[in-house]
Every structure is written in structure tokens, then in C-alpha cells.
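Each in C-alpha cells, the structures are laid out below.
You will see chain A twice below: alongside chain B first, and alongside chain C after that.
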Partner chain A sequence: MVRGLGRAGLMLWGAIFIAPRPSKGVPLLIKQLYVIGVQSMIIVLVSGLFIGMVLALQGYTILVDFGTEDSLGPMVALSLLRELGPVVTALLFAGRAGSALTAELGLMKSTEQLSSLEMMAVDPLRQIIAPRFWAGVISMPLLAVMFVAVGVYGGYLVGVEWKGIDDGSFWSILQAQVEWRQDIVNCLIKSVAFAVVVTWIALYRGYYAVPNPEGISRATTQTVVQSSLAVLALDFVLTAMMFAS
Partner chain B sequence: MLTRKIELLVGLFLLSALAAFLVLVFKVANVDVKVSDDTYTLYAKFSNIGGLKVRSPVKVGGVVVGRVSHIELDPKSLMPIVTLTMDERYHQFTDTSSVAILTSGLLGEQFLGLTPGFEDDDTSILANGDRIDDTHSALVLEDLIGQFLYSMSSKDK
Partner chain C sequence: MTLAQDSLVEIHNLGFSRGQHVIYDDISLSIPRGKVTAIMGPSGIGKTTLLKLIAGQLTPDHGQVLFDGHDIHKINRKQLYQLRKRMSMLFQSGALFTDMNVFDNVAFALREHSGLDEVIIRRIVLMKLEAVGLRGAAQLMPSELSGGMQRRAALARAIALEPDMVMYDEPFAGQDPIAMGVLVKLIRDLSSALNLTSVVVSHDVEEVMSIADYVYVVADRKVIAHGTPAQLKQSDNQQLQQFLLGEPDGPVPFHYPAMDYQKELIG
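After this line comes the complex of A and B, so read on.
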């Protein structure tokens, strides 16, 4: 357990500080940004739209009883920015990209591609781990921002287009309530923290997977379970630090 | 060919993220009153500020002319002192102006309502760092109910 943590820490250290030369690293990073970021876009955008729409619908049925349905805008935007955006994106990201990373690395290990890289004097940390780590850390906040933007649009669709809340008051109350530092910057901080945790767990589980079919399947499951739990626990800690003043 | 397509898609990904970010910053978040040269500061002392917060708006007839930038307790009189950052465009309030803590709607957010005062020979325009003396504190609903109940019970006797 402690040894595992030590190995994971060393791997993170290596991924962050042993960066490949830009001429070689940038094409590798772009390839991984495509696999990790672009291919996760569809699921993140569709979930964002539906979660925004559902939030607006549920919020409307409650708020309309008090005659305060104009506050639907800030309700949707703040719950997306503060909690749902980073957290749901991280959970989707763990399921969509994290599991793929673990399976890929595990298969690379079982077919001994990692050890042949080492025999060719190529550091697998530099060639394989670092681009994937950075691609994950870069793409997740971007995905979370897209998730929130699409979710607010979903809330707008339900609230204004369907339920007939006034267009102007929806946006003006929204803008009066959402703050740059408190809400948007905290959303970005949260999603960067989740990105590091999810990508780290996925890479560690794949890199140290037992190189047989059973081991890879177990490592993939562990990635999804552990990163989801870690994200939820970390979210509580971060929320307590950011909003409980 | 394949790498070109990938590069194109990654570029598209980054661009759409940038677009989403700009939407969040300019459409969702508020652009606050800039704290730069084109503002001036006023102070006001209240006995109770209720639910007034930093960044609450200062309004004249419903138009936002400034924001609350700081709230602290005066160590001598133990009364809250509110610092107002006012827009330099509205720099023509006399020292007879008054501020009141008002609530938008029955349950809404609290804000500072500024009522411009009369102009006379002895009045002067409020300058940077001046204090507004005529203040009306927040209406605390619980106190109001308490007074109402008290007057009800004293009437019964």
C-alpha cells in the first residue's frame, strides 16, 4: 500500500518533470489530446445539455410555487459551475478516457512494448506517460468549461423557450449572481485538481497492471472505481475550502 | 493525412473550449465595476447592515452607481462601517444625500439605496473619502415582528 503510493508518486513526478523535447513531445501531445479530449467531447456535451435541461425543469417546478421562477438562471448556472460541471465531467472522463488509458497501458505492458522501449533506451515515462498525463490535465478543464456552457444553454432552452420565463430577467439575474472569482475560477481549479487525480490513477493502474487479461480487466475496473471515489471525496474537501468561509 | 486530420480536430477542440470559456466569462458572469482611477470612495456608518454583502450594488432610483467594496466594524463605536466604491460618472451627490439599506422584493437581495439630497449654499458635493451621515439601517423582519407582537400585547391590557 505505502509502496504503491510511493511508486505512484514517483511516476507523477516523472510525468511532470521529465518533459520530452518540444520537437518530439508536441506531436505526441496532440495525438493524445485527440484521443483523450476530442473523443470525450460528444459524451460530455450531450450529458451537459441534458443535465442543464433536467436541472431547469426540476428547479422550475419548485421555484414556481414561490413565484421566484426568475431565479432559475442563477440556480442552474451556480449548481453547474460550483459542483456538477467539474464533478460530472470528471466522472464521465474517468469512464470514457481513464479506463481507455489504463487498458491501453496494460496491453502495452502485457505485449512488452514498455520493456522494449526501455531496451531501446527510450524512457517510457517520457515517451508514453508524460504526453498522456498532460493531455488529460489540459483536456479535462476544457471539457468542464464546455459542459457548463452547454448546460446553461440547456437550462435556457427549458426555462425560456419552453416554460416561458422572461428572456431578459433570466440573463440579468444570472449575471448578477455569478461571480468571476468565486464561481468560474473555482470551477477551473476544481476541474484541474480532478484532472490530475483521474489521469494519475488511470496511468498508475495501467502502468503497474498485472500483465494478463485478468489483471488488465481488474486494473480498468479499479481505475473507474477509485478515480470516481477520489473525485467525490476531493470535491467535498475543495468545496469545504472554497465555499464554507 | 491522418495526423493533419487529428491536428485539425484538436484545434477545433481547443477553439470550442475557448468559445465556451468566453461565453461563461461574458454571458454568465457579471463584469464588475472596475476598481481603477474612474471610481471614488465614500463611507457610511450604520447601526445594522442586515444581509448587506461586499459587492452589493449601490442604486439611485434603481440604477447601479457603485458597489459595496468593504464592510468592517468601527472599533470605537462598534458600529458597521460600509465602504462604497462609486462610479466617477456619478460624482454630483451633495452631502445632504442619504443612504438606506433596502431589499429588492420581499425576500430578495439587499442593496444600498442612495437618495440624492437638496442643493444649497452651505452644501457641498461629496468628495473622495467623505462620509455620508444620513443613513437608514436595514429593516430586520424579526425586530419588526417583535415590536408588532409587543404593541399587540400591550393593547390587550
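After this line comes the complex of A and C, so read on.
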């Protein structure tokens, strides 16, 4: 346990502080941004749309009883910004990109690609771990913002286009209720924190996976389970720090 | 500790264990410069582990590995990486980067370390691929190559930086006779042409004995015999002869240790 934490800590330290040469590091980062970020967009956008629509439909059925259905916009937006956007994006990210990262590293280990890098005097932390780590940290907040934006649009479709809430009320009350610092910045802070945790767990589990089919399978499962639990626990802590007062 | 003048690698009293399992106990050997040295032994005896100890990928419990006079396990990471530019390893699986084509695999170390212009790198890569007969496969992905071709591509990558020493980990395992013949020829020819120090780890007796200048046979956590292939063939060491002739029973028993057969069946 202590040994594992030590190795994970050293890996995180290396990923953050071992500076890649720009000429080599930037192309590697761009490639990983595509693999980790762009290829996760579909699942995030589709999920965001439907979660926004469901949220609006459930919200409408409650708000309409009190005649406050005009507040549907801020209800959807604040739910997404404060909780669902960063949390669900992180859970989807863990399932889509986190598991892929772990499996990729585990297979690179089992096919001796990581050893061959070391034999060629190339540090795997610099070449493999750091670009993936930073791609995860950059991608997830952007994905969360997209999730929220598409979710709000889903709420708009249900509330305005389907249930007939006034278009102007929907947007103006939303704009008035959502605060830059309290809601949007906190959404981004949560996303970055979740990105660090999920990507770190995924990379650690892959890098130290037992290099056989059973070991890689176990490592992939551990990534999804541990990062999901970590996100939910961390969300409570961050929410308490941000909103409890 | 001084390095024998004609040795590139010296191993002194090396001990290594995994948990309670002792793999090497005070093993010593030397790898002569510019020669093909074979390390043979039964499967699972730790031959690949020995290569990883030489390369500094594993740390021994005790003992020394000297590469050209430098104690591999006493130097810092930066110095180790400098030394690794002078050695390379052909992994059993080939270990080609699966997201790069053959050309980029071979060019990888050159782009990382040489600082050469891309035009020069292209020429060097094509020369290395020509040497292993794969110039025409430069644009293929590793998944499009046969096992033998993957190892040849990996060999081209291994010699790209023109190292002093190449370590071959089971280069013949799982190869058909033609691929095996090609690899045997390549190891011999490249070693001579480039004056490489070659370390071949294998249990393919015939192929290894045909190309090795000197052979170490490891078993039971130590070197049980060493000498030229001719000397080994004439040895009266029974364990060595069982290994060389592939006899199923002898000092290394056919049966894994177990309780009395009759007693286990009848009770």
C-alpha cells in the first residue's frame, strides 16, 4: 500500500515536472489530445444532451405545479454546472479514456515496448506518461464545458420547444442566476481536480499492471472502479468547500 | 575491480532473487569485446533476467555488472542512459512500437538522440533496413509483418545508433526454419561487419552453437559450463550433455518433484 502510494506519487511528480523538449513534447501532446479528448467527445456530447433533456423534463413536471416553470433554465444550468457536468463527464471519461489508457499502457508493458524505450535511453515518463497526463488534464475541463453547453441546449429543447416556456424568460433568468465565480469557475476547478485523479489512476494502473491478459483486465477494471469512487468522494469534499458556507 | 582488457562486460559474484526465489547466486562471467557470446540454459532459468541485469533494468541483490568499466548499478540515471546509447536489446517479442510504421520505428532512436537532419536519418534508416532485407517494408505497420520480419525490423532498430553491444533475447523462439536461418545469418554477419559485441540468450542449441564464439550454460542459479562450442561438445558434464542433446531425463529429471506415485494412486 505504502509502496504503491510512493510509486504513484513519484509518477505524478514526474508527469508534472519532467519537462519534455517542446519539439518532441508538443506533437506527442497533440496526438494524445486527439486520442483522449476528441475521441471522447461523442459519448460526452450525447450524454450531455440527454441528461439535460431528462433534467428539464423532470424539473418541468415539478416547477409547473408551483407556476415557476420559467425557472427551468437556471435549474438545468446550475445542476449541470455545479454537479452533473464535472461529475458525469469525469465518470464517462474514466470509462472511455481512462480504461483505454490503462489497457494501452498494460499492453505496451506486456509487449515490452516500455522496456525497449528504456533500452533506447528514452524515459517512458517523458515519452509516454507526461503527454497522456497533460492531455487528460487539458481535455476534461473542455469536455465538461461541452457537456454543460449541450445539456443546457437539451433543457432548452424540452422546456422551450416542447413544453412552451417563454424563450426570453428561459435565457434571461438563466443568465441572471448563473454566476461566473461561484458556478462556472467552480465547475472548471472540479473538472481539473477530477481530471488529475482519473488520469493519474489510469496511468498508474496501466504502468504497473501485471503484464498478462488477466493482469491487464484487472488493472482496467480497477481504473474504472477506483477513479469513479474517487471522483464521487472528491466531489463531496469539493462541494463542501465551495458551497457549504 | 578492473576490467579484463578484452571484455566489454564483466559480471562479478552477481546475486539476484525475486522474493524468496533465488535466481542467481554468485554468478560471474565476462563478455568478450567484438565476439558473439551465447548464454544458454533451460527455460525459466532467468536468462532474460540476466540481460536485464546487464542493461540495468533490474538491480541485483549483490555483485557487480561492469560495462566498459562502469558499474551499471552504481551510476546515476543520466549516466545509465548515456551507456544505454552504446547498447541495445532485441526483445523476444520484437517490441516494435505498434503505432509507428517500420521506418519510424527504426528512425526513433536516431530522432531522439542523434540530432541529425531528417534527410540523413532517412538514408541511415534505409541502410539499416537494407541490411536486414526489409527496405521494401519500410512503410508497413508492425501488425502487417510476420514474426520473423518483426524481429528483423527490431534488429534494424537495435543497430540504428550503431551500438557497441547488442543483446538478443531468444531471437529464434517461435520462428520457422527460414526465418530462423535468416536471423542466424543476420546476427553473425552484422556482428562481423559492425564489429559488434553480441550476447545471444537462447535455448536453441544448434543455432546458437553455430554462431557463438563462446558459450555460457546457466542452470541451478549458476554457470554450470562455459567454453567454445567445440569445448562444450566434448565436455563430460552430464547436465550439460543432457541439455545439449535434448535428452528428456537425466540430471534434470523428467518428473516434477512429487510424492510417491503408488502411494498417491492407492493411498
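Basically, the second predicted complex is superposed on the first by the 245 of 245 C-alpha atoms of A that agree within 3 Å, B and C clash if a C-alpha of one lies under 4 Å from a C-alpha of the other, contacts with A are read in each partner's own complex, and residues count from 1 in each chain.
One rule holds in what follows: a residue touches a chain if its C-beta (ideal position, glycine included) is under 8 Å from a C-beta of that chain, and two chains touch if they have at least 3 such contacts.
Keep in mind that what you see is a predicted model, and the values were worked out from it rather than measured.
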item	value
Touched partner set for A:E112, first chain B, second chain C, both or neither	second
Chain B versus chain C as contact partner of A:T221, first or second or both or neither	neither
Chain B versus chain C as contact partner of A:N212, first or second or both or neither	neither
Which of chain B and chain C A:Q58 touches, first, second, both or neither	neither
Touched partner set for A:I30, first chain B, second chain C, both or neither	first
Touched partner set for A:V38, first chain B, second chain C, both or neither	first
Contacts of A:E179 with chain B and chain C, given as first, second, both or neither	first
First, second, both or neither for A:V122, with chain B first and chain C second	second
Broader residue contact with chain A after superposition on the shared chain, chain B or chain C	B
Residues of chain B defined as touching chain A within the complex	3, 6-7, 9-10, 12-14, 16-17, 19-21, 23-25, 27-30, 32, 55, 107
Touch list for chain A against partner chain B, complex	27, 30-31, 33-34, 37-38, 41, 68, 77, 81, 139, 142-143, 145-146, 148-150, 152, 171, 174-180, 183-184
Complex interface listing, chain C residues touching chain A	52, 55, 57, 81-82, 84-85, 87-89, 91-93, 95-98, 108-109, 112-113, 161
Residues of chain A defined as touching chain C within the complex	24, 111-113, 115-116, 118-123
